[in-house]
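Think of it as A, B, C and D in the order they're written, each chain with its own count starting at 1.
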Amino acid sequence: MNPSAVLRISCPDQSGIVAAVATWVASVGGNIVHAEQHTDASDAMFFQRVEFTHAGVTAVDTLAAGFAPLAAHWDMTFTLDALPWKPRTAILCSKQLHCAADLLARTTYGDLGLDIVAMISNHDDAAPLATSFSLPFHHVAVGEGATARATQEAQLGELLQSLNLDLVILARYMLVMPPSLVAPWTGRMINIHHSFLPAFIGANPYRQAHDRGVKVIGATAHYVSDVLDEGPIIAQDVAHISHRDDVAELTRQGRDLETVVLARAVRAHVEHRVLTFGNRTVVFG
Amino acid sequence: MNPSAVLRISCPDQSGIVAAVATWVASVGGNIVHAEQHTDASDAMFFQRVEFTHAGVTAVDTLAAGFAPLAAHWDMTFTLDALPWKPRTAILCSKQLHCAADLLARTTYGDLGLDIVAMISNHDDAAPLATSFSLPFHHVAVGEGATARATQEAQLGELLQSLNLDLVILARYMLVMPPSLVAPWTGRMINIHHSFLPAFIGANPYRQAHDRGVKVIGATAHYVSDVLDEGPIIAQDVAHISHRDDVAELTRQGRDLETVVLARAVRAHVEHRVLTFGNRTVVFG
Amino acid sequence: MNPSAVLRISCPDQSGIVAAVATWVASVGGNIVHAEQHTDASDAMFFQRVEFTHAGVTAVDTLAAGFAPLAAHWDMTFTLDALPWKPRTAILCSKQLHCAADLLARTTYGDLGLDIVAMISNHDDAAPLATSFSLPFHHVAVGEGATARATQEAQLGELLQSLNLDLVILARYMLVMPPSLVAPWTGRMINIHHSFLPAFIGANPYRQAHDRGVKVIGATAHYVSDVLDEGPIIAQDVAHISHRDDVAELTRQGRDLETVVLARAVRAHVEHRVLTFGNRTVVFG
Amino acid sequence: MNPSAVLRISCPDQSGIVAAVATWVASVGGNIVHAEQHTDASDAMFFQRVEFTHAGVTAVDTLAAGFAPLAAHWDMTFTLDALPWKPRTAILCSKQLHCAADLLARTTYGDLGLDIVAMISNHDDAAPLATSFSLPFHHVAVGEGATARATQEAQLGELLQSLNLDLVILARYMLVMPPSLVAPWTGRMINIHHSFLPAFIGANPYRQAHDRGVKVIGATAHYVSDVLDEGPIIAQDVAHISHRDDVAELTRQGRDLETVVLARAVRAHVEHRVLTFGNRTVVFG
């Protein structure tokens, strides 16, 4: 089977782009197996994802270098990546472990192709989970004193840098991260928030949902930006609830949403199906 | 077939209520055909809806009078209503007519038992729709000048009062109503808002949803209170969307949500299945 | 605003098709505003829908004639249609009128661009509905006697032929049609079936669903083929139910599914977004 | 906190049952915290689940003995169980481990109160999973020869009997069980089938779904009966799919349905919320 590559481009909408890209793929011996495009009329932007097989004698970096002149001509931003991709990943969590356990189970017994190299938490509850999946566990606790939080953030930032990661997943990591921690991971750090954002930003969204008396709860997976719960949304899902469901029950039902939505977002990222523009995403199928 | 009655009660949670109510129903010759209860543990409140058939020699008002001492003993708030109920209803709309048209079609060709006695709008677009369903149409427009809006609100308030209504449905009526207009209709005025509240309160929720890049849109039917889009929620539903859907497409897809959610809420109200407490509802099945 | 055209192609999967099609569109001065493709790996088939604006000096038929050599070269089946399209449509129904009423309301007060030229029924219940929307009503009843059904089918077939129709919608038309009636309308006759096919084929699907004790009901819109309920599926949707819902309640809840699913399928057809192959469909977004 | 008990009754519908049951609960010092009832009009049957706290000086068996005369009087079938209940459970699986892994993760890191005492499989793939959760693994393989299958079934039957189980979960166990193996576990053996039954009974439902071209796939959890895939359905859920999804993708997406639906059914069973009658279930909320 021939290797695959994924080309993602975004550029001002112009006539002729599709033909130019398809012609280029054909010129390097590529065979398009999946292509999807989107024109955002309000912003006059064009987005495309082209997945193609190729002979494999050419490395992806060489292909990218060959595409660069075309990209420059059309004023494109682009990425060109190999598929399948198995990103070096760290999973961060706190006391709630269902999302982390789910990601580990999918990686081990399912079909999520992550190379998980570390589990990290501000609590030590996750240590047995890491052990049962033979993963290194890093306990980065918040100590005592006025500077404890800053110290923890510095330690965490250094740890993440040291691990040579492609992807950081906040799988119910409950400490808000400062912009300095987030900035190096733009577009490479995915968080799961337990509400359908932008409703119920911040702490205790299930409590907020209960007190407002909503009939639907949700979960949102998004890239982390420097504004809390405001980054580009990758995936959301919802479930119907009723007056019968108290906060504990919402929390329980919400877990299924959180695990499924986070896994869906991570998969889309790993398959190079997400493009971001401004605070929004294009997620190709 | 024997007539039916619906008893709805809410009271502080106490041991023995269920037996007391069931015993009372049996004492008046009633046969319970459906009963549902809910205990809200956080507020220590008990809610129940009991639907029962009875011989019919006794009027519902007499039944209610007979229940009153029991209610007083247990510190209950209660209503006792006949079923089926065909409330005298006014439908208010503006330029978007899909919700109004749907309610009329359900009433005429479907199974929604409303006695629609008036269509009211601040625009005259709905006149042909009213005519084709042989309904009186009231055009209550906003005129020119500084006091035009207040004049319109006064006219509308008087019109609603004059119609001897049981129910007012805001089927995409787009003018915000002042508290004085809303107050007489507490628990009897239902609005459809085109977002999953509390996200995207106010104007242009589909535009807001698009700009935030959400992957789910929704609609919310609620009793109108004196705070905009803050009344007790009766029904909500949602639909998955993608980057492909621009504001016009969200608006189009949202119409199906709005019509279905509004009809669902109106039906629950007409079947005496809704109880409110604070800003929340219990909607029995 | 320039006119739009939609090119739909299906052909054996080959390298270079996308480039060839995009180059052709550019060669006729077209600007691709939306393109979507699908490769069915198991059948080695390629499908594409390309929506493009063009100067409009060229008629769609002329464009199609110009594309024919390319299509022949790549062994393509293709259609090339103008957009928007307002097909001459007949709506067939029986006693249940919710789907028909919904299609009329969407056409008149919503955004479904049908040119409805006839309502046809084997019962006369729909006559007032047709009248209130100023539409001709054709009552094609089944008479008495051994040949009554055949006579009715012949009358109906002739009526459909005489109306110069683009589209026939079976909006809860409850008589099974013989192959001779269906054959002339392959790919142009859409039916709504009140179950998630292939479960509960045939009569009384809500009764069947109730007796099997399912927890989900559905509705299916499909092109009519000569085998009952076996044609290519265009759209399906489902709703959760519970033990509480008797057959009457399933029927009532199912109506919302039926109207929404049928309208969704009709819209996809009208927007030239459906391709069929064998007994399956590709429905582009 | 006082202990809880759950009374489930089914009997011919009669006037006065609710009062009689509620009076009995009060007579033993019980306080009803949740009650739900259902009258099946077509079968004239009454079903009720009453959850109540009690002083705890009385054992559940003694309570049940005390209720028996009342049950006899009203011709009731009933069960009376303690809550919470942590059933001794065996999980059976084959090569697909996502459901088994999910149940283990929910038991260990989530909130599903099972006492899992054995993992059993006809393959040895699940051994590492059992080990990582410190569970005994039983490999009951099918050997060679004409009688191999019968031998395996006999071994499995004996193993299940020897484990003193309350519950057997078929978490994608792919061998069809003969009636003799199923009979001892009526109402205590739950299977997950990877389609929305009754569509796509038997082998390869995702292949069947793909070939029929459906737009929705599903999963069904049901009690196992002696007819394949025909037992009483406890839970079902569905997901929208498109032409893009090949059999492998349906299989992948279906996994999320299977794990969530199976866990939902198991939870309902463990909380004594399910009653069966004929081939249907009542699942109280």
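Throughout what follows, a residue touches a chain if its C-beta (ideal position, glycine included) is under 8 Å from a C-beta of that chain, and two chains touch if they have at least 3 such contacts.
These figures come from a predicted structure and were not determined experimentally.
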| item | value |
| --- | --- |
| Chain B against chain A, contact positions shared by both copies (same if over half, else different) | same |
| Which of A-D and C-D has more C-beta pairs touching across its chains | C-D |
| Inter-chain centre distance, chain A versus chain D - centres from mean C-alpha coordinates, in Å | 35 |
| Chain C-chain D separation of Cα centroids, rounded to whole Å | 40 |
| Chain D: positions in contact with at least two other chains | 41, 240, 242, 244 |
| Chain C residues touching chain B - in the complex, by the definition given at the top | 97-98, 100-102, 105-106, 108-111, 129, 132-133, 242, 244, 252, 255-256, 260, 263, 285 |
| Residues on chain D engaged by chain C in the complex (per definition of touch) | 38, 40-42, 47, 196-200, 211-216, 218, 232-238, 240, 242-244, 246-247, 279-283 |
| Residues of chain A touching chain C in the complex | 15-16, 18-19, 22-23, 25-26, 31-37, 39, 41, 240 |
